[in-house]
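The structures considered in this document are given below.
Note that subunit A is present in both complexes that follow, paired respectively with subunit B and with subunit C.
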Partner chain A sequence: MGTMLRVFLLLLSLLSITAPAFSLYEDQVGLADWHQKYIGKVKDAVFHTQKTGRKRVVVSTEENVIASLDLRHGEIFWRHVLGPNDAIDGIDIAMGKYVITLSSEGSILRAWNLPDGQMVWEAFLQGPHSSKSSLLVPASLKVDKDNVILAFGKGCLHAVSGIHGEILWKKDLEAESFEIQHMIQTSGSDLIHLVGFVGSSQFDSYTIDAKSGELLKHDSAAIPGGYSGQASLVSSSTLVVMDSAGSTVTTISFQDGKVTFSQTPVSTLIEDFVGKAKLLALKLEGVFAVKTGTHTTFVRVTVEGKLEVVDKINHATAVSDVLEISENRQAFAFVHRRSNGIDLTVKLGADWNHDLLKESIKMDQERGSVQKVYINNYIRTDRSHGFRALIVMEDHSLLLVQQGAVVWSREDALASVIDVKTSELPVEKKGVSVAKVEESLFEWLQGHVLKLKGTLMLASPDDMAAIQSLRLKASGKSKMTRDHNGFRKLLIVLTKAGKVFALHTGDGRIVWSRLLNSLRQSETCENPTGLNLFPWHVPHHHALDENPSALVVSRCGPSDDALGLLSFVDTYTGKELSSSSLDHSVVQVIPLPFMDSTEQRLHLLIDASGQAHLYPKTSDALGVFRPELTNVYWYSVEAETGIIKGYALKEKASDDYSFDTRGIWSIVFPSESEKIIKTSTRKLNEVVHTQAKVVADQDAMFKYISKNLLFVATVAPKASGDIGSSTPEESWLIVYLIDTITGRILHRMTHHGAQGPVEAVVSENWVIYHYFNLRAHKYEMSVIEIYDQSRADNKDVWKLILGKHNLTSPVSSYSRPEIMTRSQSYFFTHSVKSIAVTSTAKGITSKQLLIGTVGDQVLALDKRFLDPRRSVNPTQAEKEEGIIPLTDSLPIIPQSYITHALKVEGLRGIETVPAKLESTTLIFAYGVDLFFTRFAPSRTYDSLTEDFSYALLLLTIVALVAAIFITWILSEKKELRDKWR
Partner chain B sequence: MASIARWRPALLILLLQFFLLVRSPVLAISPGSVDGYTINGRIKIPVAKGFGAPVKISNVKVILNGGQNVTFLRPDGYFSFHNVPAGTHLIEVSATGYFFSPVRVDVSARFPGKVQAALTENRRGLTELVLEPLREEYYYEIREPFSIMSLVKSPMGLMIGFMLVVVFLMPKLMENMDPEEMKRAQEEMRNQGIPSLSNFLQPAAAAATARSG
Partner chain C sequence: MDKGKAIMGSGRRWAVDFSDNSLAPSSRDIPDPPGFSRGSQEQDDSTVTKQKKDAEANWKAQKAWEVAQAPFKNLLMMGFMMWMAGNTVHLFSIGITFSALWQPLSALQGVGKVFEPYKDNKVDLLAPKLVFIALNLGAMILGVWKLNTLGLLPTHASDWVSSLPPAQEVEYSGGGIAFH
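After this line comes the complex of A and B, so read on.
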């Protein structure tokens, strides 16, 4: 009997360990994870509505995405994310079936099949020097029954066959630095005109035969007054340019081989004109548009070359390209914003006094100014023209407007996430019980019977759908309150557009979004860019009725010395509480572990001159901070000069809230042999459960745990380029572990024949980094673990008894303990875009690495695979400890891709947030797409999974009870029989 | 051809032959302009026989040197990288549902057009740049179809099984027991003051002792 029981127990234990750490059944997709697809800010759009069938618009974006969108709903039909260096310069539709893209500064021309996005051909255009690029798809130009696509790039004009992508002819314009402005096809002829500028003062015009590529004519002339880079084509032989001062308009006429200029000061066109005028890109016959301040003026060029003002609009306006609605009738649209919406006006080019369409569209939220408009027409049932407009707003959102209403909108700012933080949801209020019984017992049982059917694979597809919806309903995952497990949170996301979003972790919906006023373009701040998000005010248990807030740090330009901006956002409502522009720059933000009496977190902002500024600027905060002044240290990394410096604060302050700093240490890397390519530190909020690590044979090792550990990777300057640009002999990778308080180099290691790019992650007492091994021509991942030797003696029992141990000595950042490092390298198959590590609430759960691969998937890899103590033949004791026998490469198990069959296109970062439940961590991966999932690195050992079948449990109990009664009755009978016998 | 045979991985020639055979405009490497070469290759994906939907060829990306260049496949599976400098490069293929080994490609400057390619995963040399997946990848666990065994193997099933064994097998065992020994055992039990339930459930009593022992 005893053996039977043992077998039973063994079976039970076996069952619990056979499944891999992360695994998902196909029907569980979407239960704990969500995936959202975006495209980014639209750069250019082309409509395709002529044919019957699906109406679509093809767009190219700033995130190097080309996508085909459904005009009815705004969904993505197909999408391609091009490489990071492959910016799209032009798109068009050729022959009604191909989408043509010109990218990489005019060197790659691709054709994509319009219905399904399959690439049809690719042509590589070469030229002597880089230049502006331009794409022209002539409607009716044929060479040997083949449509010709003209692409200008790298100083050459190429004619490419539309069917095969072969280069038909190539014309080198031979003029250095010829900047193309326009490529014009004169209607009805095979002549192509190229107009552009050389430098800032010379105008050039080329006439080329499109069939043969023969240069027929070349005119050039110096422009009086210079050229600002803005030009507008008003007819096939007239170009209007703005001079470099922005005060004079020059009309260039280049007909019949003669180039004539006529200059008109802007002030004669526009009264009370001051400042700089700008030309808007408008391709309307005979009309150009000038933007001065907030006004837009439309000016007509008469046949004689005279200029006359046609219209003036007192708003910032976006103007669309011209749309040919019927023969010789051109329409164009302009859009400007009102207080709570936008005005769309469509006009006929020839007739200014008559509006084809004038609509006011209400918008329910702030989207900033209108940036771009694209119009398209359709024939209404009464044969009149209707118009739809695709509008790109300042917050990078894309709207389709038709019949006075927004048909659909896309929040494409989410394709450019800069920083992510989480915020807790409000606590459930008393009286509003969310956990109330929403269904009767019968329904509950029915649901569980369904689930049971599902687990027993007896369910029909209908049942499966019912189960799925039940699961979603039962989990209550999209509620707006906190849950016990801490799965429901708000993801606060800062985007490049200056818009902040709050996404619900349950289903990924946008709870609120706010275009920050401080992050919008203004006179004082030309080019604001967001830098970071920080939790500013996180209310504690006694102040839970207050809303938490977040701090958005940004600066006015891309350079380090641009002035900083601060903005405070309520994370429940999205309201911008306050904002301030700073009188200093922001290079680094140090969140301090202190709070003032109102529970605002203290932050130290370091400016470009090395001054530290304390925020919030209250005497209260200063009072908290002053005693801790001597304990604040930080470091700076100057990658260009190869210097890492450590700083401390000086006691004496120049002004109440700003402090002088002094350098305390510096590490200079020899610039001829080392170049810093990567630095990495531990996450500030990481929790470590224990310092001791029990190894085999009841031995213990003490982890060296320091928050001030900095990982630095340097490579040989020759090997700092891409793979393939250097040989193994001339490349090396050196990694350092530096203590940022004392500047002590804890460890240094050289990998010969290795090069970047390096991706690294630091956690607890270890660093894992990924680099390229040129000798093996494979990627490698190395691990370094650091142990504190000064505490190693504490294992001696006698010392403990006699009190000669140093366990009670405080852990100090100033101490210089003896350390021991262990490291090991393993091959890894893929290129890596980003590495993160799981983080849990108490740090007890074992860790898994999250590797964002080049295929835009996220792979979970157990840290145990990257244990430096792995050996070929682990001893029995080591095996019990969980050491895996050594292999030369890391395994890639398809089931451990946490993104399963999805891709996070353009993956840039992976953020992990601990849930309240110790076993679980929340993972948010962002790029062009967003992906969120819940992940248990050592499986959910502390809660039942959602799949747990209560019905089966009930059934078993019932069966057991029944069995007891049956046996009881049987035994009674037997006893009776025995007695009778 | 003798001289060609001495060129160990004479890929160019092989592909030239290939070119002549199928009249396809593809060479593995062709000298381009002054500053670069062109790498041409092909990706062959077998018709999906296993799980999931067949991969769409339009969603396959080919990546040079970890993201320096990204290109897509033409309908016939061909791809090319232009303007690649001489050196040793790495090509990776990203196709959902398939595992491709990265490929090491040597572009020689001294012998224009000479190229060597090898899979980095298993160090297998390639005579022509035709990449095939090493294996299919299925990202989900496969639900076991319903079987009695899976039910029996579940903890609940084991419990029920145990019960059944006790109910139906134990009496048989008891019958084979020597009646005197049985009596002695029962006697012992009574003396030990086993809970009264064991009096009713005499067949189960043996099991109870086994559990306590």
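After this line comes the complex of A and C, so read on.
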């Protein structure tokens, strides 16, 4: 009997372990999740519009993506994300069938098959030192019937076979700091000219035989006036250079081994010139463009070397590359912005007075200034030339313009998400009709009958298709009102472009998008960058009719002391409510847990000099904040110097809303042995249900739950490089848990022979971090759980029943609670890009880790696998509690990839938001792609699934009622018959 | 016990009630015949009934004791079932535990009814009742003990702290690595 029992128990515990399997059925894909593909801001584009085949454009982007786009609709044919360290320097199309990319500072040359994007070959180019890189795909240069691709990188010129990717020859230029400017192939010859600069004053020209790689000639000369880094090639033997002061144009002629210079001040070309001039990259025969302020001036270089102004445009203009439309006819386009659209002008290089094309294109929304233009031509039916232009706007969107209209547009700012917050949707108001989305009772029933057919396997293929489409519509999942499970929300997304988007969680559509005015380039703010997004005003019960708003914090430029900018955005409409330029910098933003009377959240902005500024600047907010002043602290982590400092605030006499800070503690890590590589804290809005953890035998442990807990990981400075760059003996990883109020180090642990990169997540009373173990040659994950030992004595049942305990009274960090930690480590197969943890509304549901794997997928891993109480042979009680027997590595269950078959290319972050339904959490993963899904860490125990067949339930009830009636009638009859007998 | 009672004034001239066994001669109209000893006859008559009554009372007492001891069997049965059910909380063990709690409770409620057939002047029902109650209480204690072993009684500190919200913190701090 005992063995039977044991078997039964074992089965039970096994069941309890395997119960949370989260796999989807194939037909459930896309019901609760959506996936969007982006490419990022386009850096370079090459058209491929030959008569046969589909017309396409191949682009490379700032997000290191190479993609082939359909010219008709803007869809992605194929796409490759090369990774964060593999920036693309040049792309071109070779032999009409390969896309050639040069990346990683000219060290990797790849060929991709044009129709399907398969990689054909890859060549690694090596050289002595890093330098600028350049790619040249000559149209008609053959070495032994093989097309040659010339790539300059790392100080060497490589000729690579176009068919196999073999390096045919390599020429080291033996010039230390030669910065290549142009690689020129003189038409009709096999000579390659390389022109460039050494430092800022020396001009160098090399002539190389393309067939053998032999250096034929090398000329060098000092440039009078210096060099600013801007140069424009006007002919195969003439280069125009701007001097370092930006006031003189130098024309360099390097024909026939002679280098001659002639200088022309910009002021002689442009009359009212002040400030600094810039050369635009224009490759037009004989013409260069100078940009001064908002004006663009086109200057022609005559054969004799004279300069004459051809045209002057008084707008901010983007100029395209030159397009060879026919023999010796070159066209180029320039585009400038108007108030509600853009003007596109295409001109012939030779004929300035005549426009080939002049179009004004209306745009439906503000997209900022034009950044880049690429043109392509096609032959109209009347044999004249038509032009299409691919335009990159300031908001990183990509437009295709043809025949005076925008054919398609792509919102590629969404490939560079900086921060995500959510906003609730408006409450459904009575009287406001939502009938369009709501279906009639008949339709509802019809749908359910269909579903019933599906469950009973009676449905025909047509019915199945109807069921799938019904499911996808999913009864108003894209409605613009709040739902009662809290699944419908707005994702407010801040992007690198300074554009803010609101995405609907139901179907991922863009509800509104806004290019923030304060985040656009202006005279006062050269290079504004968005930093963070905060919920500013979240109306609650009594003010539900007000719209919530979000705060966008940004600053003018990348340096610490750049002035800050605030702008406030209405999250329902996307309107920029107000914006303000601050008179101080912003290095930290601390959202405070206080609200003023209008429900605006209080924020503390810390500037570079360590002063704190309170926002909103109202006396009301000050009234709320002042009593709490002594309890508000802040800390700074200086990763470079290895110092963590804690500060308290104190009032300042001069300004009500600014506060001085005084340092109260500091932790200095010895720079020769430790380097901070990762810090992590708990999420501010995390909800914890209970402070006690019930362990086996009804024992209780008290969690140490503090919002002021900082996890810091340091490594040996030698081991801060890539994996493999140091030996296990000289590398170590030290993790700290620090109380940020008192600066007390709660826990310190050393992992010998381990190194970064470290990814960590802090939640409730535990920290999980991921690192590399050099000794085992494996990645590892460790967990630290922290328990409050000073509360452990509260075990008198009577005191607890009568409520005579102080477990819920407020605690101070200065009471120095005694803590106890438990930890354990496990091997993990993957390297990790990001770790997050699920969060639910009340914090009751058990947690799962969300691991962004190196394959750009999101893997859910039950926290129970990372429980320091796991042991090889857990006792009966521990098994019942759900403790899994210890294994040395964490399991990866293929069904628990929440991204199922999809990839979130270039994954950078995972955001979790609780739904109103306790069992469910919303997950948004972002990178180059966006992915959103709903996830129930312990299954949806509090609601019926969407697939629940109400029709079947209804049918059963009806059948039962009918059966009751029939049997009742039958029994009555029988009774009557019995009585007559 | 009213068989053979005298029926007076019903048209009969006289009647002798043989079963009259009252001891007081003054209550009759006709004096006893001489030499008749009322006492001896009385003695004779009562021995038969008394024997009968004793047997009945004995039987009743025996039955009452049997009834009183019945829960003991139940107890053993319950114990066996409980051992079978094991110490994990699931449908079977919960069902058994609750029936183990419910049965004694309902039995205790109906103590009077259970012993009513054995009510007799001569039978002392107190002791069996007490035994019955004690055994049922024992069964109930067994049920409660089972409930406890299942962990369903809030007797541990963990049962009282498991839903305590975390304590609020007095201080608040924020910050981190400066924006890049």
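Convention: the second predicted complex is superposed on the first by the 891 of 981 C-alpha atoms of A that agree within 3 Å, B and C clash if a C-alpha of one lies under 4 Å from a C-alpha of the other, contacts with A are read in each partner's own complex, and residues count from 1 in each chain.
In this section, a contact is a pair of C-beta atoms (placed from the backbone, for glycine too) under 8 Å apart; a residue touches a chain by one contact, two chains touch by 3 or more.
If you're wondering where the values come from, they're calculated on a predicted model, not measured in any experiment.
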| item | value |
| --- | --- |
| Which superposed partner A:880 touches (first subunit B, second subunit C, both, neither) | second |
| Subunit B versus subunit C as contact partner of A:532, first or second or both or neither | second |
| Which of subunit B and subunit C A:317 touches, first, second, both or neither | neither |
| Partner chain in contact with A:900 - subunit B first, subunit C second, else both or neither | first |
| Touched partner set for A:513, first subunit B, second subunit C, both or neither | neither |
| Subunit B versus subunit C as contact partner of A:741, first or second or both or neither | second |
| Subunit B versus subunit C as contact partner of A:705, first or second or both or neither | second |
| Which superposed partner A:855 touches (first subunit B, second subunit C, both, neither) | first |
| Residues of subunit A at both interfaces, subunit B in one complex, subunit C in the other | 1, 5, 8, 12 |
| Parts of subunit A lying in touch with subunit C, wherever the complex brings them together | 1, 5, 8-9, 12, 531-532, 555, 558, 560, 586-588, 590-593, 604, 606, 628, 631-639, 646, 679, 681, 684, 688-692, 694-695, 698-700, 702-703, 705-708, 710, 740-741, 794-797, 800-801, 807-814, 880 |
| In the complex with subunit A, residue positions of subunit C that touch it | 84, 86, 88, 90, 151, 154-180 |
| Of all residues in subunit B, those that touch subunit A in their complex | 32-33, 38, 52, 56-58, 61, 63, 65-75, 80, 82-85, 87-90, 92, 94-97, 99, 101-102, 104, 107, 120-121, 137-141, 143-146, 151, 153-156, 158-160, 162-167, 171, 200-204, 206-207, 210-211, 213 |
| Contacting residues of subunit A [partner subunit B, same complex] | 1-2, 4-5, 8, 11-12, 15, 19, 23-27, 29, 78, 80, 82-86, 107-108, 110, 113, 116-122, 124, 126, 456-458, 722-726, 757, 772, 774, 776-779, 829-831, 833, 854-857, 892, 894-895, 897, 900-901, 903, 952-953, 955-956, 959-960, 963, 966-968, 970-972, 974-975 |
